[in-house]
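Below is one structure, written out as C-alpha cells; comments come after it.
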Amino acid sequence: MSKSRRERTQTIALHLLLLPLALLWLFPLWMMLVFSTMPDYGIFSPNIELWFSDQFFANIANMQADTDFLRALGVSVIVAVIYTALSVFLTSMAGWALARYEFVGKPLVLAIILGTITLPYFVVVIPQFVMVARDFKLANTWIALIVPPLFNSLGVLFMRQAFSMMPNDLFDAARVEGVKEWKIYLFVAMPLARPTIAALSIILFLASWNNYLWPLLISTDRAMFTAPVALGSLIGLTKVSWGGIMAGAVLLTAPMLVVFLLLQRHFIAGIAAGAIK
Amino acid sequence: MSKSRRERTQTIALHLLLLPLALLWLFPLWMMLVFSTMPDYGIFSPNIELWFSDQFFANIANMQADTDFLRALGVSVIVAVIYTALSVFLTSMAGWALARYEFVGKPLVLAIILGTITLPYFVVVIPQFVMVARDFKLANTWIALIVPPLFNSLGVLFMRQAFSMMPNDLFDAARVEGVKEWKIYLFVAMPLARPTIAALSIILFLASWNNYLWPLLISTDRAMFTAPVALGSLIGLTKVSWGGIMAGAVLLTAPMLVVFLLLQRHFIAGIAAGAIK
Amino acid sequence: MAEVSLRNVTKRFGAVPIIHGVSLDVADGEFVVFVGPSGCGKSTLLRMIAGLEDISTGEIGIGGRTVNDVEPAERGIAMVFQTYALYPHMTVEQNLSFGLRMNGNDRADTERRVRRAAAILQIEPLLARRPKQLSGGQRQRVAIGRAIVREPQAFLFDEPLSNLDAELRVQMRVEIARLHKELGTTMIYVTHDQTEAMTLADKIVVLREGRIEQMGAPLELYDDPANQFVAGFIGSPKMNFLAGEVVQNGPTGTLIELINQNKARLPMPVVAPGLRAGDRVTLGVRPEHWGQAGAGDLDLPLAVDVAEHLGSTSYLYANTKSGEPLVIEREESRHETRRDALVVSISSAKAFLFDAAGQRLR
Amino acid sequence: MAEVSLRNVTKRFGAVPIIHGVSLDVADGEFVVFVGPSGCGKSTLLRMIAGLEDISTGEIGIGGRTVNDVEPAERGIAMVFQTYALYPHMTVEQNLSFGLRMNGNDRADTERRVRRAAAILQIEPLLARRPKQLSGGQRQRVAIGRAIVREPQAFLFDEPLSNLDAELRVQMRVEIARLHKELGTTMIYVTHDQTEAMTLADKIVVLREGRIEQMGAPLELYDDPANQFVAGFIGSPKMNFLAGEVVQNGPTGTLIELINQNKARLPMPVVAPGLRAGDRVTLGVRPEHWGQAGAGDLDLPLAVDVAEHLGSTSYLYANTKSGEPLVIEREESRHETRRDALVVSISSAKAFLFDAAGQRLR
C-alpha cells in the first residue's frame, strides 16, 4: 500500500537522525554497568573497556565493608516512604484549597508557589541548612531528613490541576445530598485523583530516593546516612573505590527501575490525568 | 448566605493547618535574602538576624572581584539559550515519531525513555564525564556544556503526549489536501503544540540555568564557568565569602523569577496542554 | 411532596443582573418546564431553587417554608444534572446509596430505598457496574435513581437529556413522563428543547434574558402565544413570519398589507385600538397552517427551493417572489421538487399578528 | 466530477473482517448517503474511498481510474470531517488556502478559489477570524469551504452535522442540499441519522455490520423496505412490529394470526410459496398508518400510556392488552391522555410482513 510505504520512509529517516543521539545518551548508562563489574583501577585503564568484567560481587562486598550500605538502604527506604505519604497528603490538601476556594491573597499564594519552581535547589539549601541545623538543632534526626523537603510546589500545582479539572457537578451533587466538605474531599475528590496521586507518589518517592545534597548536609552521623550519601562518602576516602561506587549505584537504581517499568502505564496515565482532566 | 459562611469556616481551618508549613518552607528563602545583605560573618553570628543589613552591593563587588561573575552569567545565558532551542527541536521530533508512527521496538524505546527518569543524575554523571572528558577529550568546550544533557526524557514524553492528544482528523485533513508529512509536523503539529513548547522551554531553560553538577565537572577553565559554578568556586577559597555567595544567588535567581511570574499563565496552560489535549 | 414558590427573585453576578425579578408558583405534584435559549437564566434559576447559587433579592419557598438560607441538602429537593454527575469510582449501587451512607442513614432503610429506586427504573441488573460500563441512557437512569433514593419533595432536572442522541432522547423523555405519573412528585425541569417542554410539561415557563415571557399549558402556548418570541420558540419547524403594514384599522378587524408581496392584503380579525394605518406589524403562520391555493383568505405564490420528503410528512423550503424563505409542512405530499412553483393560502383565522414590539395582537 | 465505483471491497483489521465485499456505483453528480447504526462500517468505507484506510481486497475506482494505490491527495476527492478538523491556529482564509499554498499553487488562483468558496457559502465576513471565534454552524461551513477550494471530482462527508444541535442540523441539512444542486458534484455522505439520509440522498445505501442491506431512492426504501432491519431503521418514529404466526397460506394471500392479541387475524395480500402454517412472521405497521377503529382490516384495542401533543402532530405511546408498546402518530389530535382506551385498525394494504429471518414477504 502506498500509505505504509510512505510512512516507512519517514520512519527510517527519523531513526537515522535520532539513533546517534540515543547512543550518545545511553552510552553512559552502559558504561556504568560495565564499571560496576570492574576492579577499581578499571575505570582509569588506558583502553576503553566496553564489556563486563567479573568483579561485581567483589565490589559490592568491598563497599559493604567500607560503608554500612545495607543499613543506609534501610534509612533511604524509611525516609522515602514516610516522605512520600506525608507529602502526598499535604500537597493534595493545599491543591484542594487552591482549586476549590476563593480567598483573599490566593493569587499571591499561587505566584509564590509557582515562583519557587525557578529557584535552584543549591541556592535554597544553604539557608535551609543553617535554619535546621543551627537554629533548630535538628542535624542527624529523622525529622530533619523528612520534613524540610516536604512542601513540593510542583506537587501542589499538579494536585490543584487534577482537582480543578474534575467536573463541578460531582461536588454539587454531593452537596445536594448533604455530604460534608471534608467527606467530599476524602471520598469523592481523592479517589478520583488516584491516577494523579499514583504518578505524584512515584515522582516524590524517586526524588527522596535519589536526593543527595540535603541528606549529605544534614546527616553527619554514619548511622543516619542514606544510600546515596553512603556511596558519596566513599569518594572522600584516600583510595576512591570507583568500582564499589558504580556497583552501589546499580544496586540503588535497579529496584527502582524495575518497579517503575512495571508501573509505567499508571505513571503515564497519571501524568496525563494530573495535568488535565 | 449559609453557603459562603460554611465555606469560610472550611477555609480558615485549612489556613491554620497549612500556614506553619508554608512558613517553615518560605523561611529559608527569606534568610537567603537577609544573608545576601550581610557581611560575610553575619551568617555565623550567634543571634539569628531576621532583617536586612546594607552590604548587598559590597557583597556583589567582592564576588565580581573574586570570580568573573558577569562573564559567567554570559556563559550561562549562551548555554541555556542554545540548549533550550536544540532540546526543544530534538524532543519534539522524537515525540512526534513516538506519537505518530508504529515501528518495531517502539515499546522498548518507550520503556527505556521512561526508565531513565528513575536514574539519579549523580549516578549517570560519572560515566558521562569519563566518556566526554577522557574518551572524546571535550572538557572545557561549549559542546561538552550543551550536548550531553540535551536528550530529555520528560521532554520527549511531554511532546509525545501533546502530539498524540491532537485530533487525528487534523492530520488526515492535511493528508487529503496533499500536504507532505514534514510540512504537517512543521505547520500543523508544531504551532498547535505551542503552549506545550512554551512550558517545556521554560523548564529546559531553568534546568540549564540552574545546572551545577555537570558544568562543575566538565569546566575546569575559569573562562568556561557558568554562573552557578562561579558561585560554587567561592566555597573552595580559603576564606568562604557567604555574603558574596548569597548575593550572587539572588542575582542568579531574581531575573528568572520575574520572567517566570510574568509568564506563569502560559506555563500553567502549557503544562495542562502538554500533558493532555 | 411540596409546592415551590418564587417571589421577585433576582440574581446579579457582580453588577450584571442575570435574573430580573421572577415570580412563579409550582403546585404540588406539578411538572413545570423552564425553557428558553441558552443564556436565558433557566439553569441559574434552577440552581437557585436547589441552593447551589445564592439569590440576590427575593424569596424562594419550598413546601411553604422560606429556604433562602437553608443548605441544599435541607431543602427536600433532589437534582439530576446534565452531565449525570455519577461518581465514576463507585458502582451503581454505591452511587445510589452514597448520600444516605455519608449521612449515617440506617443501613436497612438505605438498602430498601436503593432497591425501590432500582425497581422503579429497572436498573437492578446494573447495580454492580460502574458508570463507565453503562450506556448514556443507563447513566441517565442511574442519575434519576440517585434522586429517587432521597425521597425528595421535589425533583429538579437540569437539561437531563441533552447529552443523549436523538433516538434515546425520545425514549427517556417518555420514561420521565411515565415516572412523573407514577411518583406524582413535583418536578421542575430545565431544557432548551421546546419539544421536551411541549411533551413533558403540565406548565411551561418560557424565559428570555432572565425574564418570564409567558407561562401556561403547552398547547395554550402553542395556540395562543403572548408574543412573537414565544410564537417563534414554541413549535417545530418554527413559525413563519412575514412583515406587514396596517392599511386600515376598524372596530371589527384590521386590514394589513404584506410588504414586498405584490401588495397582497389580508383582513385579520384583530381589534387593536392603538394601531394606526402605516404601523409595522408581523404576520405569523405555522408551517402546517398553509392551505391549498384558494382555500384561505390570501394566496401567496412561492418557488420551492428544497423539498424534504420524510415519508409521512414533507417539508418544503420555499421562497416568496421577493426572496423571503418560508417553511411549509405537508402530510403525504411527495410531488413537489426544487424549482416547482407553488401557491399556498393564508387563512386569517389560523394566522397570528404581532405589533412592532413583538406583542401579540388579538 | 466523476463517478465512484466499489467492486467487492473488503477490509479486515487483523483477522477481523469489517467490510464484507461491498459493491456499489455512484453516478456522476449523484448524492449518495451511507447510513447505518454505529459500527456498521460506513465511516470506514468512506475513509477507504478517501484513501485514509487501506483496502484488503477489491477495487475502488474514481472517474474510471482504479485508485487502490493512489495517495488521498491524488484521488480528486475532498473530505469534510465530523470534527470539522479546522486548523485552530489559522484564520478562516488560511484554513481555506492551506492545502493549495503548501502544494505551491499559483497565488492568484488560490486567491480566486478561496473567494469563490467564501462567496458560495456566504462566509466572506468570517475570513479573518479563527475557528474558535466561530459558531458550530460557521465552522461546518468553513470545513465545507475548504473542500470546495480543492475543486474536487467528488465530496466525501463524514457525519458532518452530528456535532451540531437539532435546530442547526436542520438548517445545515437544507444548505447542503442546496449546495449539491448548485455545484452538481458527486457527493458521498455518511450519517447515522435516517432523517438526514431521507432528506439529502438521491440514493441511500443502508449498511449493517459491513454489508449492504438495501440501496435505493429514499421513498423507495420507505415504501418498500427489503427487510425488517431497513423497515425499522428508515422512518421516525420507528415502524411498529408485532409477532404473528401463519394460519393459512394460499396462492392469493396469507392469513396470519397475531400472537398474544386475543387471536386477532389479518389476511395479508402476500404470496409466499415457502410459508407454512405455524411459521413465525412479523407484522410491521408505521406509526402514521394506524387507522381509526373499523377503518381497516383488523381492530386492535390499546391503552394509552403517554401522550405527547406537539401542536400539529401527536404521538401516542400505547400498549396492547398483552403489554407490547406501540407508537401511533396522529395529526391534529389532542384529546387522548394517559389511561385512555383507544382502538386502532390495521389496513393490510399498508402493513408489511417479514419472515422469521427478517426478510420481507411481498
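The chains carry the letters A, B, C and D, assigned in the order they are written, with residues numbered from 1 in each.
To be clear about the criterion, contacts are C-beta pairs under 8 Å (C-beta built on N, C-alpha and C of every residue); 3 or more make two chains touch, one makes a residue touch a chain.
Predicted model only: the values in this text are computed from it and were never measured.
Participant: Chain by chain, through touching neighbours only, how many steps does the shortest route from chain A to chain C take?
Facilitator: Step count on the best path from chain A to chain C: 1.
Participant: Which chains are joined by the largest number of contacting C-beta pairs?
Facilitator: Maximum number of inter-chain contact pairs occurs for A-B.
Participant: Just curious, how far off is chain D from chain B if you go by their C-alpha centres, in Å?
Facilitator: 56
Participant: So, what's the distance in Å between the C-alpha centres of chain B and chain A?
Facilitator: 16
Participant: Using mean CA coordinates as chain centres, what's the chain C-chain D distance in Å?
Facilitator: About 28 Å, centre to centre.
Participant: Quick check: what residues of chain A touch more than one other chain, meaning two or more?
Facilitator: 6
Participant: Would you pick out the residues of chain C that each touch at least 2 other chains?
Facilitator: Counting only residues that touch two or more other chains, chain C contributes 51, 71.
Participant: In the complex, go through chain C and note every residue touching chain A.
Facilitator: 50-52, 71-74, 77-79, 81-83, 85, 87-89, 98-99, 102-103, 146, 150
Participant: Which stretch or stretches of chain A touch chain C in the complex?
Facilitator: These residues of chain A touch chain C: 167, 169-170, 172-180, 183, 187-188, 191-192, 194.
Participant: Residues of chain A touching chain B in their complex?
Facilitator: It comes out as residues 6-7, 10-11, 14-15, 17-18, 21-22, 24-29, 31-32, 35, 43, 48, 90, 93-94, 97, 101, 103, 110-112, 114-124, 126-128, 130-131, 135, 147-148, 150-151, 157, 161, 181-182, 206, 209-210, 212, 228, 232, 242, 245-246, 249, 252-253, 256-257, 260-261, 264, 267-268, 271-277.
Participant: Residue numbers of chain D touching chain C in their complex, please.
Facilitator: Contact set of chain D toward chain C: 166, 170, 173-174, 177-178, 181, 193, 195, 198-199, 218-219, 222-223, 234-237, 286-288, 305-306, 308-313, 315, 317, 329, 331, 334, 338.
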